[in-house]
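What follows is a group of structures, each given as structure tokens.
In what follows, chain A forms one complex with chain B and a second complex with chain C.
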Partner chain A sequence: MDIAKYKTWIALALFVLLLIVVSVGYYQSLGIINPKAGNVSFVLLLVLLFAGYYFIGKARGGKPIPVRKIAAFDAIEEGIARAVEMGKTVHFTLGYGPISTVNAPQYLAGLGVLGHVARLCAKYGAQLVSTLGVPELIAAEEEIIRDAYYSGGKPELYNVTYNVRYLTDQQFAYASAVQATIQRENAGANIVVGPFWAESLIFMEAGAAIEAFQVAGTARETQIPFFVLAADYAFIGEEIFAAGAMASGDVETLASIRGQDIGKLLSWILIVVGLILLPMGVKLAEYLVK
Partner chain B sequence: MSVVVRRNIPQIIVALIIVLMVIFYFFYIEKPVSDAFGTADKALSDWAIVITAIAAIVGGIDILRYHANQIRKRERRQIIFSSIVIVLEIIMVSLACYALSSGIAITTQPNFQWLYTYLYAPADAAMYSILVFYIASASYRTFRARNPPAILLLIVAIIVMLGNTSLGAMIWEGFLPLRDWIYNVPNTAAFRPITMGIGFGLIILGLRLIIGKETTWMGRRE
Partner chain C sequence: MIELIGGWLAAVMIVWIYSFVYKDNVLYRLAEHLFVGTAAGYSIALSLDSLNRTAFGQMVKGVEYWHLIIPILLGLTFFFKYSKKYYWVARYGVGVNVAVGAALALRAAPMANIIKQINAAVLPLWVAGDPLKTFNNWLMILITLGGLTYFIFTFFPKTEGKAGPVRIAYKALVTIGIYGMMVGFGYLFANTIMTRVGFLIGIILQYLQPRFDATLVAMILAIIAIAFAVLKKK
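Here is the complex of A and B:
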């Protein structure tokens, strides 16, 4: 049986079932909705999931879905081409720590960008050095880079001990090792995407010291300003998740980004409605988070 | 390995876990059922710990392989550092093994503890301290008044810096409330949309994982 053919329908059926159970339960006052989680947030979650799925379906039907450009994503190619022209290596890092944390989605987004970077390195014949501090992802990184070099017709550039370097999962040991790698390899492009803490500025300054072209991104709010100020181009927050979809090159995956935009539009509407209702003494925000 | 085993089964497991997590968060579940799910949740956490522990061994081997390769290639600039890393890794692992064979916790083994306290911890703190110089050099590059937004950034940075120091209060008492206003109003207003955007991005990433459109985490493409 080809499960791949039916998995989308299985997932959709699960969610429809969930929606029916919730609706029936809510109207019958069975008290099945967790009062701490909130009904509105559940409805918003479903709306966004269906919006994303709707656009994927439209793209599957052959309808082109326009997706906004992300400057940092386009800049990656520029950076790699520049590194090749200068005869320098390309450095990529994705963060440190165990994957079984709340930051797991950011590691996934980082892997998506790594795939794109590796394919571009294969296209231009650049040497890629990818450092990481997530032991669970060593095998995935090795496969992504090997796949990119082999499918790009440059198998001679793939050397597992050179291309993928696991450093450590301890914060500042990882930071100093990445800094040393950037400087000793004299990277022409420094691409940093994933969850980062205080080490973000160390990486940016290490790259700036050797005049590397820098593209950085994180969804950790406190580190975004460092990347915006110190990198040449930055992915701001959710853009790293969109970058993963863009890197896939698949129109259906790309169309899912429109779901994010629907979420933003919805937020805008709620903010405007909230502002209109506020002088009337109605606090929409309080109602929504109940 | 067939495509079903290599790609479809992991995808279904991931999709199922995501749907279960949504159910756990949003729904009130009767006690016997929630207890059963709690046990399953504990089992999942235990698996994650086991996988992380095994991955750490793979990581240790990876570090040894890289540095042994550097020594073998006689990389002049790297050979000293690689030798130090290998020697220290072997010492730490040996001490941990000795501690385990003695039946005591690794972190309480005296020699392991000594190396951690007097070698690793100061080096770690030193690395953290270096940040202050990086902040200074990054600020110098960033706060140059090249264009109107950069000038605005410079002015705000000066206000916040003066608001954070006693010198600021000596010059003008209004710096502290002004700094608090910048933190609480424009700063919060700028951060909230970013936080919301991250939430939307995560939801759509979850959708892609559920329907099997996000496959990068599995390594190579088929």
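Here is the complex of A and C:
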């Protein structure tokens, strides 16, 4: 029996099962719906969802979406080409920990950038070493790198145990192994994109010690300063999502970035409206948090 | 006795891990592999314990908990990665995990990214009798608007041709946003470095200060680690 034929039905069945879980949770009063959540917050969530859906539909219709230049994104190719010229490897890492947390979008953005890095490695014939501490993404990384090398005409460079190295999901054990890998593999380019905590500077130090070309990015604001300071090019905050979308080349993912931009434009407009209304005694901010 | 051995082991590991500052060496490798191996074992123990407590332990309590079989089945789909024919089934488990994470992030987005931001940025543009506060408010508002403009990726003025007022205003806002962020990053950096130095002082106080013999052993261990690296280099 070819199970692949029933992929859609399996997906549908899983969706129904999830609905059952949510319903059971709701009727057993497991607190799935937060009664304290504000109405305005809910309306804004709906607006964001609708905006994303609308632009995805537009993109499917063939409407191109312009994205502004991101210096760190363009620098990735420079770094990989430099590593090849020096006969060195390219190192990539996207973080550690479980994926089913609020950091999931950052891991996905990291995977998007990994796809771009792997394709460039295949194009220039570079050896890629990707370390990770996210057990759920081992299979995804293997597929991404294999596809990149095979479609780039360099299948001989793909060696799953060499290219993808799962270390551990414990923070400093992962950090100690990553910094050692960067130095032992003598990385010419060190690309670090994902959610990072205290280990971010450790990776940058390890790369700087062997004079690797470093491109790094995270949306965790406490770690951005380390990347801005120590990397040659840094993705600042949400730039990693735009980079992930650009790297994937997927128009629907790019369209979702435009949906997010609607949220930012909305914030911009509401701040200006709030400033205009404030001298009249109307406190928009107080109304919004209700 | 076990506590004493544990304390010495921790001290030895700290010195060996610190030896990486000089160069990668065999003692660092030993400490690193011990650390990674122990962490992997610890993760497995934690996962099994969690599975036992939150899934199997609950399911045996009664039929109302049997829905927990769904996440267990989803977890089992991960093992399909070892099948060449059915490896795609593993994607469903990953997909649900990613979706849960994305949904968690999305749930908090309107409140954290929009409403609280507006709440913090809508400040009076004129505070009578307090010019410093007025200046501070203007600074806050301009940096917030500038930062927001910087992070808008798909709506921006045309870059070709002569710069019009929109492009000039856009560039000015983006510049203010970048400078504002850099100041913020500087503060965060300094703050974190202070914390890290605090950790270092804590370790030094814990292991080096109270006893001279402990200091001596730590120094000998550091010298051994460096000697290994130097000899290997030769």
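One rule holds for everything that comes next: the second predicted complex is superposed on the first by the 254 of 290 C-alpha atoms of A that agree within 3 Å, B and C clash if a C-alpha of one lies under 4 Å from a C-alpha of the other, contacts with A are read in each partner's own complex, and residues count from 1 in each chain.
Rule of thumb we're sticking to: contacts are C-beta pairs under 8 Å (C-beta built on N, C-alpha and C of every residue); 3 or more make two chains touch, one makes a residue touch a chain.
Only a predicted model underlies this, so the values are computations on that prediction, with no experimental measurement involved.
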item	value
Partner chain(s) touched by A:E211 [first = chain B, second = chain C, both, neither]	neither
Contacts of A:E85 with chain B and chain C, given as first, second, both or neither	neither
First (chain B), second (chain C), both or neither touched by A:E136	both
Touched partner set for A:D74, first chain B, second chain C, both or neither	neither
First (chain B), second (chain C), both or neither touched by A:G263	both
Contacts of A:S100 with chain B and chain C, given as first, second, both or neither	both
Partner chain(s) touched by A:I65 [first = chain B, second = chain C, both, neither]	second
Chain A positions touched by chain B in one structure and by chain C in the second	3-4, 7, 10-11, 14, 18, 37, 42, 45, 48, 98-100, 105, 108, 136, 138-140, 142, 167-170, 172-173, 176, 180, 184, 221, 224, 226, 229, 236-239, 242, 257, 263-264, 267
Parts of chain A lying in touch with chain C, wherever the complex brings them together	3-4, 7, 10-11, 14, 17-18, 20-21, 24, 28, 37-38, 40-42, 44-45, 48, 65-68, 70, 98-105, 107-108, 136-140, 142, 167-170, 172-174, 176-177, 179-180, 183-184, 221-222, 224-226, 228-229, 236-239, 242, 254, 257-258, 261, 263-268, 270-272, 274-275, 278-279, 283-285, 288-289
Chain B-touching residues of chain A, taken from the complex the two chains share	3-4, 7-8, 10-12, 14-15, 18, 22, 31-35, 37, 42, 45, 48-49, 52-53, 56, 98-100, 105, 108-109, 111-112, 114-115, 135-136, 138-140, 142-144, 146-147, 151, 161, 164-173, 175-176, 180, 184, 198, 201-202, 204-205, 208, 219, 221, 224, 226, 229-230, 236-242, 244-245, 247-248, 250, 252-253, 256-257, 259-260, 263-264, 267
Of all residues in chain B, those that touch chain A in their complex	3-4, 7-8, 11-12, 15, 19, 22-23, 25-28, 45, 48-49, 51-52, 55-56, 58-59, 62-63, 65-66, 69, 77-78, 81, 120, 123-124, 127-128, 130-131, 134-135, 137-138, 141-142, 191, 193-214, 216-221
Complex contacts: residues of chain C adjacent to chain A	17, 20, 24, 28-29, 31-32, 35-36, 38-40, 42-43, 64, 67, 70, 74, 78, 81, 86-94, 96-98, 100-102, 104-111, 113-115, 117-119, 121-125, 141, 144-145, 148-156, 181-182, 185-186, 188-189, 192
